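The structures come next, written out as structure tokens.
Consider the two complexes below, in which subunit A is the common component and subunit B and subunit C are the respective partners.
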Partner chain A sequence: MSDLLPVIAAGFVSGSTYALLALGLVIIFRATDTVNFAIGDIATLGVFVGLSAMAAGASVAAGFAVAILFSGLFGVATERVLIRPLGAGHASLFVALVVTIGLGLLIHAVIATIWGHRPLAVPPLVSGSISIFGISLSWSKIATSAIALVAMAAVAWFFRYTMLGIQMRASAEDHFAARIIGLRPGLIAALAWFLGCALAGLAAFFLAIETSASAALTLSALFRAFAGVFLGGLTSLPGAAVGGFVIGILDNVVGRYMSANYRDTIVFAVIVAVLFIKPAGFMGSGRSARV
Partner chain B sequence: MSALTRRSLILAIGLSAAALVSLPQVLSSYAQYVVASIAFFSIAVLAVSMLAGLTGIWSLGHTAFLAFGAYLAANLTALGLPVEAVLVAAFLGAGLFGYVLGLSTGRFSVLYFGLLTMALSLAASEVMEHWVEVTGGQQGMTVDPPRLLLTGASISLGGAFVLSIALATLVFLLVDVVADSHVGRGWLAVKSQRTAAMAIGLNPQRENARAFALSAAITSFAGIGLAYSIAYIDPLGFGLDGGVKLIVATVVGGAGSSLGALLGAAFIVTVPELARAVPAVAYYVFGSATVLILLFLRRGIVPSLRTLLRPTSRAAVPAEAVDVVTLTALVRELLPPASAALRLENVSVHFGGVKALDGVSLVLPAGTSIGLIGPNGAGKTTLLNVCSGFYQPVQGAVVRLGEIDLTGLPAYARIASGLGRTFQHAELFAELTLRQTFETAAALGAGRRRAAGLPESAAADVAERILAGLGLAAYADEFPDMLPFGIQKVADVGRILATGASVIALDEPFAGLDAAERRAIRTILDAMRAAGVSILIIDHAVQEVMAVSDKVVALEFGRLLVEGDPDYVRQHPEVLRAYFGTSDLSQARKVMAS
Partner chain C sequence: MRSTLTGMAGALFLASALGVGAAGAKDTPGVTPTEIKLGSWTALTGNLAVYGLPGVAGLNAYYSHINDQGGIKGRKIRLITEDSQYNAQQSVTAARKLVGSDGVFAIQGAFGTGQSSAALPYLTQEGVPFVIPFASDIKWFVPPRPLLIGAQVPYDDQCWVLGHWAAKDGFKNILVIHSAVAQFEAAAKATEPGVRSVSADAKIEFMSVKFGTTDYAPIALEVRRKAPDAVVFVGAVGELAAFAKEVKQQAIKTQIFSYAPAVNKEIVVMGGDAVEGLRSVYYTLPLESDAPGVKEYRELLAKYAPKEEPDYVSLLTFALAKVMVEALKQADEPLTRESLVKAFYKIKEFDTGIIGKVSFSPERHLGTRSVQPVVLKGGKWVTVGDFIEAKN
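== the complex of A and B ==
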């Protein structure tokens, strides 16, 4: 068990990307009742656009910014063009989900057409590594985790202290009442999709630095983000973030000490067991039916 | 389309496909393979589509059951077992697993459940990749030609194509029969109005589990057809991509439509085959088809076309007046007389800090009627929800029907002891016509009527007679959202007649009705009393309540204010104060009496 600490540290690093994706999913779900399956593909597209910007001469930092901005704006467009016309309500919940699945397929095809099937390498934001307590960590990983934590803190601050953030929370509680008191649902939905997809863009960029950019970049990370969302509850922002980190650590611990071959199966078995005890997740709120 | 036409059509399509595949020189061997692929994929698409259409559950994980069938076929055939044994083993295995999984829908919302099926697909992929002894791992495994017990001989690849088509035909027939039965209607009822479905005795968790079990079981048949028709299987075909393709096919064809499932299967099979040269094309087509169809033909191609082709609804017909004599006879035939008293003692319900009910006790002797009155917020509906099991009273309460302790019984189990209810907002099943609603409820109530020694008649007859008796014949085949509210309320009362309840709680049956509809409800209530049914009625129409009640109970702020015979309560100063908030009782009495 001497390598437990590095395993946990690695889990924390991968957990930070899961947490970002999970946070993106929850922000969008709370605002528009849509489970956005395309969030990973939108973010991947953002990374490729960022890479193209770099290839055209932009600095790494500028390409990074382009990736995030593009992801966010693509999210806004998606909500406006594909999700809003479906209308609100319980019946369109699954319809919206399936629409985002369709969008994901389309983006997949677009990426294959424009950038081909060969994975592209992504330069790290910083290079070199450092040894802490005998654990070797690359500066890149430290930087990505730090940026992820800062982004999460910024999101927390935004929802807690800014007028717009408070309006978004109010709207998430009750869309109808929010309309009545004059909150603009279109603006809130657009903002939520921007934030959610931009956070995913951040996560996708970090993933691309770790591996390389390909159409399937976020696939397995998105699964783990969903697992994190289950764990924390589909309606809770802190729950999603904590859930993402927990999954990252759990995933690494299971892979190291139990079975590298069946890590997904074991992780999801744990989630299902947890959900049987707390069906709405640890921090989510259950919605009960009206009688 | 009648059931017979539909089933003949399924058989005809199946037979012609089989002929196409087995006659030499009609199709190239490649085209034969495409037809067989459409056949086995149509089974899987139908399984997903039926589940989504009848229960509202969307599964992304059905490839797991597809894989289960395929690997089971490969392994059992290698052991020398015949096709028939493989079919039975797959059906039972996948069905059992599906049932257990489906039970968890009681714990999770439909959304969570859908996402969990995705996890199932993921876990299944891992097992396929790593359990090498059974699955051959990433390399996959070849499938031996299957042996048919029926003929005793092994079948060729061409025979496997025919087998796939035969399985598809069989499954389409099976699903058609189930969807058209009381079981399938019950699933629709649970999907469209969970609360009311529980009130007529459907256990949502069990119904969803049954539907999921059937869906999983038939999907394994698709896997068997696939394994034998391709003769080689590997994990790639059963990944999440496969699950997404099944969803795409369901959406394109239209959830819940058999013809749509066939169309969807043809779509997902032929598009990649036609676009073999350029792999991204299939993704473009799948993606844009999904998005465009959901944006513009929300319910998929087949159901949307059907709506377009159906004649538009006629002008509203007024409900026919009810005939007192026939109705009284009908109610007597459908509802067994109550044999036990409903007893509530010390019932309290708290919502956070609010005491909606505070120590209320009440006895409803068999065959009598009690009217519950009181201002808004008095706790009337809460009390009714305690009786029907939707709210749990605080510890120490007694809720009994004769010898039966109701407190521990879930809502859907209470009708079994004869306790039924109606709803303030009718809460009809949006996806069932009135006739189907009455038939479904009548099928659930048949046992109760038999036990009480009432004349037995088929569910269809019961529905027909309720429609005629309540003057609803003109609306028999309409869906509730097309009907005026008053008609919906009458239909809700009709539904309770079909269930064969003997103690009936009615939540504001008169609210929102016009004079003719009120008369109809009054007639039914009188008929119920004449039939010996116990009645608990809530309404703000105090005059109506007084007229049908043996005893009236007035509630205020969750407490029992006054109880007694109608005249006593009508005159009671406390009741007048509660309603009018005035001390000038002479004036209040005048209003109350008018």
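== the complex of A and C ==
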């Protein structure tokens, strides 16, 4: 266990991507009761649009901004065109879930048609690396973690201290009551989808830097993000973020010390055990309607 | 004596499998005086279309060339390709459609080993030859099966050559990292006899990694602890790139070897400078080779598939199409499924100018077991010596 600290550091860095995706999922779920299975594909599409901007002459930073902005705006359009017409209520929750799965498949096909099936390289925003606890981490990965932490802090501040954020929390607690007191649910939903998908776009861009851009870019990360969401609690923003980090660290520790083959199995066995003790997740509200 | 008996038994089995005597030339499905209808399946959509689409382009480029020259004994080749989406069930559906509705003569160039395996019972039942697929499994050919003939070197043989090569180059502490999928695991095991063919005292360790792993940081740390002087990686190409990047990031000094799926342009895109110096083996000579066979490929691909860039997949399937055409040329008239299979047995030391020399016999249904060692230099694959034959 002499290299435990490096392993945890590597896990924390990987977990920041899962945490960003998990946060995006929970923001959208809390505001609109929709589990957005297309969030990874929307973000991937954003990355490809950002790459096209770079191919047209934009800088890497500009391409990065385009990817995030496009992902957010595509999220808004998705909510307005596909989700809102389904209406509110228990039945629409499942319909919306299926709609997002379908949208994800459609985006997959669009990416393959426009950009092809071959992976595309994404240049790093920052180059070089640094040694932390005896493990070498690229500045790009460090930046991912730093930006993830800043984004999470900003989201926390937004929800706690701004009028719009407080309105969003109120709306998430009770849509009907929020409407009675004059809150605009359409605006709140649009904002939630923008924030959620933009955070996913941020995560996807950093993932693409580390690997390459392909239609299946976020598949594995989203799987872990969902695990983080359920571990932390589907209704808890801090829980989702912490859950993402925990999954990243647990995944690395198990992969290093127990089994590189059964790391997923062991990690998910731990999650199942946690959920058995606390079904709403360790920071979830425990409302049966949402679990 | 034993091989003669095996050959006779094979011939009898072949005759029975093909229903000899029941079908003359005019009854042979997919064959007319002017056409030979072949069937195939591949991933035309989905993530694996990155292999499927160039694979079809390579086959069609060579068949179009042959057709423009008047075909084979007056018959033009028509290849019908179905989209299997790299899915076993879709491959079976494609086989049923190609045989039942299209009435093809044989299945050629089908993509996906596990996926194609699912369709083999149906093809055997229908007596349809499954020849020169864009897939391979040593179990298909050892022992030989009457309707199964191939020319793509299986992963097991590739790993044997990798082990042989690594040991020959003096590597003494070899770690074999493989995806925890039965197919990869079985292939990875063949590294050991390859190493032992050269060195009896080299140390070999195996490490199983979950298929689909994207975060290779903990694996790299384990490699750093074990400190092997060579790593043989048997897994998906994206995972190889992720592993190589992490090895470079952690400044681990080891030589990485991998097998044929690593040899493409994508590995350079995905792995960047972390894969520079990567050693591998491939079925063909490099794309940029000046060898006449590869030059011909580049010219014909530009002519018949102008939108398709030269690619290692289309280069391989182009060579496989050459083997198929050679068999059709050698087949006795009337052209039947039986005469096609027998025609393969006439092929001896056939040189496509692209892959290792191809020979078939009733005891040898896998035409070649030779692969070309290559190394990635300056973002391009270059040869290291000549083809090496696996003696697994």
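Just so we're on the same page, the second predicted complex is superposed on the first by the 284 of 291 C-alpha atoms of A that agree within 3 Å, B and C clash if a C-alpha of one lies under 4 Å from a C-alpha of the other, contacts with A are read in each partner's own complex, and residues count from 1 in each chain.
As a convention for this text, contacts are C-beta pairs under 8 Å (C-beta built on N, C-alpha and C of every residue); 3 or more make two chains touch, one makes a residue touch a chain.
Computed from a predicted model, the values in this text were never measured in an experiment.
Partners subunit B and subunit C, brought together by superposition on subunit A, clash.
Look at A:F94: by the touch rule set out above, it reaches subunit B but stays clear of subunit C.
Of the two partner chains, subunit C is the only one touched by A:G255; subunit B is not. Applying the stated contact rule after C-alpha superposition, one finds that A:P6 touches subunit C and leaves subunit B untouched.
After overlaying the two complexes on the shared chain, residue contacts for A:D264 are found with subunit B and with subunit C alike.
Legend: residue contacts after superposition of the two complexes on their common chain; A:M152 is shown touching neither subunit B nor subunit C. Contacts of A:S14 after superposition: subunit C is touched, whereas subunit B is not reached.
With both structures placed on the common chain, the touch criterion links A:A112 to subunit B and to subunit C. In the superposed pair of complexes, A:I39 makes contact with neither subunit B nor subunit C.
Contacts of A:A221 after superposition on the shared chain: subunit C is touched, whereas subunit B is not. Applying the stated touch rule to the two superposed structures, the overlap between the subunit B and subunit C interfaces on subunit A comprises residues 109, 112, 261-264. The touching residues of subunit C, counted against subunit A in their complex, run 45-50, 53, 180, 207-210, 212-215, 217-219, 221-222, 225, 238, 241-242, 245, 249-251, 265-266, 269-270, 272. Remark: subunit B residues 52, 56, 58, 104, 107-112, 114-116, 118-119, 122-123, 126-127, 129-130, 194-195, 244, 247-248, 251, 279-281, 283-284, 286-291, 294-295, 298, 385, 390-391 touch subunit A in the complex.
Of all residues in subunit A, those touching subunit B in their complex are 35, 82, 85-86, 93-95, 97-99, 101-109, 112-113, 223, 226-227, 230, 234, 261-265, 268-269, 271-272, 275-276, 279, 287, 289-291.
The touching residues of subunit A, counted against subunit C in their complex, run 3, 6-7, 10-11, 13-14, 109, 112, 116-121, 129, 135-138, 210-212, 214-216, 220-221, 248, 251-253, 255-256, 260-264.
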